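Order as written gives the chain letters A, B, C, D, E and F; numbering starts at 1 within each chain.
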Amino acid sequence: MQSHTRKLLTVVTEAVLESTLVKDIERMNAHGYTITDARGKGHRGVRSAGWEANSNIRLEVVCDEETAGAIAAYLQEHYYADYAMILFLSDVEVLRPEKF
Amino acid sequence: MQSHTRKLLTVVTEAVLESTLVKDIERMNAHGYTITDARGKGHRGVRSAGWEANSNIRLEVVCDEETAGAIAAYLQEHYYADYAMILFLSDVEVLRPEKF
Amino acid sequence: MQSHTRKLLTVVTEAVLESTLVKDIERMNAHGYTITDARGKGHRGVRSAGWEANSNIRLEVVCDEETAGAIAAYLQEHYYADYAMILFLSDVEVLRPEKF
Amino acid sequence: MIDPIILFFLLGATAGLLRSELRLPAAVYELVSIVLLLSIGLKGGIELAKQPFMDLLPQMLAVVALGFFLTLAAFPVLRFLGRFKRADAASIAAHYGSVSVGTFAVVIAYLGSRQIEFEAHMPLLLVLLEVPAIIVGIVLARGLSRQTRWKSIAHEVFLGKGIVLLLGGLLIGWIAGPEGLTSIEPLFFDLFKGILALFLLEMGLITATQVGSLRQYGLFLIAFGIGMPLFSALVGTGLGWALGLSIGGTAVLATLAASASYIAVPAAMRISVPEANPTLSLAASLGITFPFNVLLGIPIYHALAVWAHTFARG
Amino acid sequence: MIDPIILFFLLGATAGLLRSELRLPAAVYELVSIVLLLSIGLKGGIELAKQPFMDLLPQMLAVVALGFFLTLAAFPVLRFLGRFKRADAASIAAHYGSVSVGTFAVVIAYLGSRQIEFEAHMPLLLVLLEVPAIIVGIVLARGLSRQTRWKSIAHEVFLGKGIVLLLGGLLIGWIAGPEGLTSIEPLFFDLFKGILALFLLEMGLITATQVGSLRQYGLFLIAFGIGMPLFSALVGTGLGWALGLSIGGTAVLATLAASASYIAVPAAMRISVPEANPTLSLAASLGITFPFNVLLGIPIYHALAVWAHTFARG
Amino acid sequence: MIDPIILFFLLGATAGLLRSELRLPAAVYELVSIVLLLSIGLKGGIELAKQPFMDLLPQMLAVVALGFFLTLAAFPVLRFLGRFKRADAASIAAHYGSVSVGTFAVVIAYLGSRQIEFEAHMPLLLVLLEVPAIIVGIVLARGLSRQTRWKSIAHEVFLGKGIVLLLGGLLIGWIAGPEGLTSIEPLFFDLFKGILALFLLEMGLITATQVGSLRQYGLFLIAFGIGMPLFSALVGTGLGWALGLSIGGTAVLATLAASASYIAVPAAMRISVPEANPTLSLAASLGITFPFNVLLGIPIYHALAVWAHTFARG
């Protein structure tokens, strides 16, 4: 069983951005994404998920390094200034590289 | 404080598989697992978690490299063909290696 | 676009600890955290999230290596003995190091 | 006059097609279905208490046979006319041989608001009709292989949420009887149609998500999704008439036959026939047959029942 | 005598301020708002069926103009007196030019328990008053630039959960009429005030979370959060009187004018004017204006309406 | 005749033991408990309004003493007969010195359906009986150390969800009075037993999950889980009789004494006595005592109350 390295991009941001981000990501050639509901705290204060305006999502994309970098740069440029958002990248091994 | 390297195996798949996967994983000597509800999109289309048949789970197992490889290979062999599923592996440090 | 390495500390533990942990983490200089609801199984048995006493949370903190180590050691010392809890660390790249 | 609960379905479907932000949280959907399943069971149970169980045996057996027959009838059509893979044909056939509780709730509401009586043990037939199709579907896909893990399949089928709540409700209603239940009537009976309205709103939203898959799988699936329930309703009407059911009861049985599962069967097929593509069967069952039955089918099946009874008498 | 639903609000606010563990799951909050929005729509729809639509046109146009006017009136105050950034002033103004469905539900309950009649098409005006402020707010923030993506803004505004459920309820009520809806009354009408009580409990909890931000942004925001609704209520009273509304109807219109959005507008602004700080507008709208209206405002607006009608007659 | 709500509990327990797929989402469980807690509080509050508060003081003090006494009585049994670790014995004792709101709701429903009157301020005693056991439990585990953070414990205890909703309901009922509440009756009073049925369904499912731990911890826990409530019920009956309560009131007080906490105390112990194993106390309280009380205990405690009153009079 051979494994291949890809990037996992994780974004935590405001739930209101969900559909916008999904469109962005698809346009930038990611082959998929996974979303979970989240709450948290950061520079823009507590986001406790008690109601819509106050909820976070946690979005993950597994993709090649280039795509991950491009998406990260795009999100940072377009949303960091105005939205509660963090993102980070890590290395993951996948078994079927053609899926990502 | 000494730390030890283990593998983190992450699986995103259909919620309907939850109890089956849990049995598989336990049989293959993982000492635990963590599950969160998720939604997403991949080769098998949008899974928006609006209702049961359409929901994903995100399952994590921290274990030694061998177990992780074995589980990954088993899942790939048994479920990749028929189910919406991705999996990826990464390196993590744990403090108490005997727990995993 | 330059990237910087940070640590991602992930903790899975009992939901009842949420507010206590959040206070601990903030006191130890983490700049933020993200929480999702979870269920799972470990040495302390099945925690199926059917009701409050039985639910887990999954808490993530991105921070520098020192803070991550300090939080991990603190949690291990104060909660490992009495609570269902695991924690693990991994390396992540962030774009804006000043945020973490 | 159009029933308001149908309007809720249309509202949901329209909102879904227009890609509105409207969405019911999964927990609300589950609450609503749990209450509906229990209500239907309880109502049936109360009535079951009134009649000797033995009298129902012939109807019960007939309905089980109906489930086998409909699945077996659908399979060759799908396999040879539709050119579906064996597993897909078997899985879709199982969906159509089984029943939809949502459709059942709508036909009950339909008859209720027109004050048409029907045999009160219908929920029992609903439960019975859910199961045989699943077994036939698995056998059609797998053959009668030794390897089929019937024990775990039985567990999956009989201990699924739907059957447990329906059967549980039936038993509670049976044991407690009408007086025993007065204290829980406000939740389970008075709110029934309001909760059904919320359920149909959600069903409309879900139905709308199936349109994409339909476009992909084309005309045959649409034709089957309308033709099969019409055929099944004819068989159901005939059987209802033969069993001596009232007009209302015949209409309910025809609707049951015509309805296609979208909860119990998909879950069972996903586990037992995983190579079948769930998108196909759900597109047909949710995208075509459910809205067809709810909007047009039920009045047609009612007319069929009236016609069968008049024809027989005259 | 104080209405019990107000007590639920105070309970929630107290629990929140004392940092109690009490919390309603997000799914419960959504269920409760969905039922409230549908109830309000349905009730309005039933009454709409009784009168020729054309007679309402003048009121509808007047209410749209009111939405434009209130937003435009709030903006300079925020920009020049409050010294807010352009985007922030525009966003807060949009919140106050639009309406709060929760406040509407409370004024309805208030008048209901005092048996004061009001024009039954008020939910229609509610829907109409939600929209113009959003458009004005975006234009104030962005100017009339070509780049503004009006299509996606229109989608955001008209297909948001609130409008879809209110309008959907209105249409269903209109089509089905009072008799058609009897079967769903137990859920949507009988439970209305109980569900409103749960909603206000949650609103109290949410309001309490805004206190921190208020402390940060200070006196001007508090003054605006009380002064603006009083001004808007005066305008609303005047308009209600000029349109020939009853005392109850005038009080409702004044309350609508006085209320500030905390669902539809925040969502729209977050997408269309992202550089506006949402903490500011929510602190004002949820932390000040909602409790002010619910606890003190509504009786004041009612008194205003009585006064306007007496004054006019006398 | 068996009450249908008990049947819902049995349905849940059976489904759980058979490992059915049936599961109520956490949000539904929370909604159901929130409504139950508020209903109980409101009902008590209405009645509280009718009597001078001072008359209740003796009963209130007696009930607080009962909470202290039961916890102190249970501890040595667990520590020396059961050979539990100090922390475990203290924690289990606290569970049994406190009360279960679910059991309270069942005894209320039981008396209600038999039209047996009871003192209407019982919810107030319920609240009072929740707290002392927690304090005793912590002291038993920790000793009277200076380090115990009583401030944060008090916060945990008095601002937990249960107490806030019960007390909040009591206050709202008290202030608003019976007429004030008519508008929210349909949700909080008419649906009470239906919602209790859903709650017991879920409790059955949860109870079933405790069987595994019971097997592990064995006979002593089972004996304690039945013996302790019987003893407590005797004490409660005696106290009820001594305080001059009616037969119904005595039965309620006996049931309160007999019931064991599974919400407030577990949460408090988990934070304040973390070294106590929560599996032990929950297995006893949920796996044994709750079903015992609901299925057998309550009729016994009722018989006890009748017997005490006859015996006393005769």
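Going forward, a residue touches a chain if its C-beta (ideal position, glycine included) is under 8 Å from a C-beta of that chain, and two chains touch if they have at least 3 such contacts.
Please read these numbers as outputs of a predicted model, since none were measured by experiment.
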Any chain in contact with chain D as well as chain E: F
Far-end chain from chain B, centres as C-alpha averages: E
More contacts between chains, A-B or C-F: A-B
Averaged-CA centre spacing for the pair chain E and chain B, given as whole angstrom: 46
Rounded Å distance, chain A centre to chain E centre (Cα mean): 34
Cα-centroid distance, chain C relative to chain E, in whole angstrom: 40
Distance from the mean Cα position of chain C to that of chain A, given in whole angstrom: 19
Multi-partner residues of chain F (at least 2 other chains): 23-28, 31, 186, 191, 267
Residues of chain C touching at least two other chains: 36-37, 90-91
Every chain pair meeting the contact rule: A-B, A-C, A-E, B-C, B-D, C-F, D-E, D-F, E-F
Contacting residues of chain B [partner chain C, same complex]: 1, 3, 6, 8, 22, 26, 31-37, 62, 90-96, 99-100
Interfacial residue positions of chain C with respect to chain B in the complex: 10, 12, 36-43, 56, 58, 69, 72-73, 76, 80, 86-91
Contacting residues of chain E [partner chain F, same complex]: 1-5, 7-8, 11, 15, 18-28, 31, 109, 112-113, 186, 190-191, 193-195, 197-198
For the chain D and chain B complex, residues of the former touching the latter: 23-24, 26, 29, 202, 205-206, 209, 213, 262-263, 266-267, 270-271, 274-275, 278-279, 282
Touch list for chain F against partner chain E, complex: 25-28, 30-31, 34-35, 155-156, 159-161, 164-165, 168, 171-172, 175-176, 180-181, 183-188, 191, 267
